[in-house]
Amino acid sequence: MKKLTCSEFKPGGLYMGRLPYGQDLITSIEDFCQKSSIQMATFSAIGAVSSFTIGAYDQEQQVYVTATETASLEIVTCMGNVSLMDGNPVVHAHIVIGDKQGKLIGGHLFSETIVFAGEISLQALTGKPLERSYDDKTGLSLWNF
Amino acid sequence: MKKLTCSEFKPGGLYMGRLPYGQDLITSIEDFCQKSSIQMATFSAIGAVSSFTIGAYDQEQQVYVTATETASLEIVTCMGNVSLMDGNPVVHAHIVIGDKQGKLIGGHLFSETIVFAGEISLQALTGKPLERSYDDKTGLSLWNF
Amino acid sequence: MKKLTCSEFKPGGLYMGRLPYGQDLITSIEDFCQKSSIQMATFSAIGAVSSFTIGAYDQEQQVYVTATETASLEIVTCMGNVSLMDGNPVVHAHIVIGDKQGKLIGGHLFSETIVFAGEISLQALTGKPLERSYDDKTGLSLWNF
């Protein structure tokens, strides 16, 4: 695939919400989508975490390198989407977190990231949802087109 | 509250605009919302500042630790929302700023952040606006549900 | 201009897509807009790059200071817009990229940033597109109002 390939969607519900204290950031979004019958969405969030797991993809080895830490940090940006994998809504998101000196780290967001507080803006999308499957070239689960 | 709780909104106007040179970033957005009768919105912005005030929340002490500095920096991302507090539209936003070496700092955005140039994308939302009030558990002004 | 000045748009198509492996990030978005007759849009993207070019604006000297590097890094956030310059759709975007230790750098996104993988959410906008022209005060190409 040599060009940007897109599917067009219609806007579904536009949700503004409060991320749940003490709960897993990714799971809370996936559970909301499951119960609201949302299969495709784009979202952003800001807030704070009490612990986090982030990672980056090793493009040579084709594995994620991850780190988990317990720390009170700001969610400076969190941006991602919801689409289908094995028939279920799954989150793919990246996050920037920061400490009291304004120092930032970030990467691919994993579960075992626990919310202290947070606000999400989630645009549900209607139309044929995109599905993830294994991509040979990158080793990642990418959208089929 | 153990789950992600959301309100659903309908899209209002979708505004693309130019942040005002020499003016306060937060106040300029709040003034625009006030005069445009926008009570609820989600937005993002990129650009540059000539000075900034950022902070992070001390989750133990329940106070914001802030820092103000005069410096010419990029607004690498700024992401936030507008909702009601005491009946007025107020901005809650987080920002990532960067210098000429690409070095980044960021956190909760405060006033006394002065725009050099910038572009905003603001999606106004119609429906019952969310209102902030004091939350015992976190010490923050969070949305009521 | 002392206030935030905006144009109001109607939502056009809402596109979710896959950034093309081995291609230029900016050019792939501009080509998509050109062939889809999109003149105005707001977008965000996450993913990974195999090389990048970022910069920051020297507000005194009125020039961009840029750096190009070959490195496998996450696109932690990329946020921007599409509008017209000299009659063509052009991207203005800022990017945060991160390494395997979660260390971040970022700034204004330039061409010669090559996609490894990535996902874009692009909201096309209908209405009179904004056009960029030279702004005396900042030395930047800003939207005319």
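Every chain is named by a letter (A, B and C) in the order it is written, and numbering of its residues begins at 1.
Keep in mind that, in the parts below, a residue touches a chain if its C-beta (ideal position, glycine included) is under 8 Å from a C-beta of that chain, and two chains touch if they have at least 3 such contacts.
Just so it is clear, the structure is predicted and the values come from calculations on it, not from any experiment.
Novice: Shared interface numbers for subunit A and subunit C above half of all numbers used, same, or below, different?
Specialist: different
Novice: By how many degrees does subunit A turn when fitted onto subunit B using C-alpha atoms, rounded in steps of 5?
Specialist: 120
Novice: In whole angstrom, how far does the Cα centroid of subunit A sit from the Cα centroid of subunit C?
Specialist: Here subunit A and subunit C have centroids separated by 21 Å.
Novice: Provide the list of subunit C residues touching at least two other chains, using ranges where the numbers run on.
Specialist: 11, 44, 77, 79, 96, 104
Novice: Please name which positions on subunit C make contact with subunit A in the complex.
Specialist: Residue list for subunit C touching subunit A: 11, 13-23, 28-29, 31-32, 44, 46, 48, 50, 72-77, 79, 96, 98-104, 116-117, 119-122.
Novice: Along subunit B, where are the residues that touch subunit A in the complex?
Specialist: Residues of subunit B touching subunit A: 1-11, 40, 42, 44, 54, 56-60, 65, 67, 77, 79-81, 83, 92-96, 104-108, 123, 125, 130, 135, 137-138, 140, 142-143, 145.
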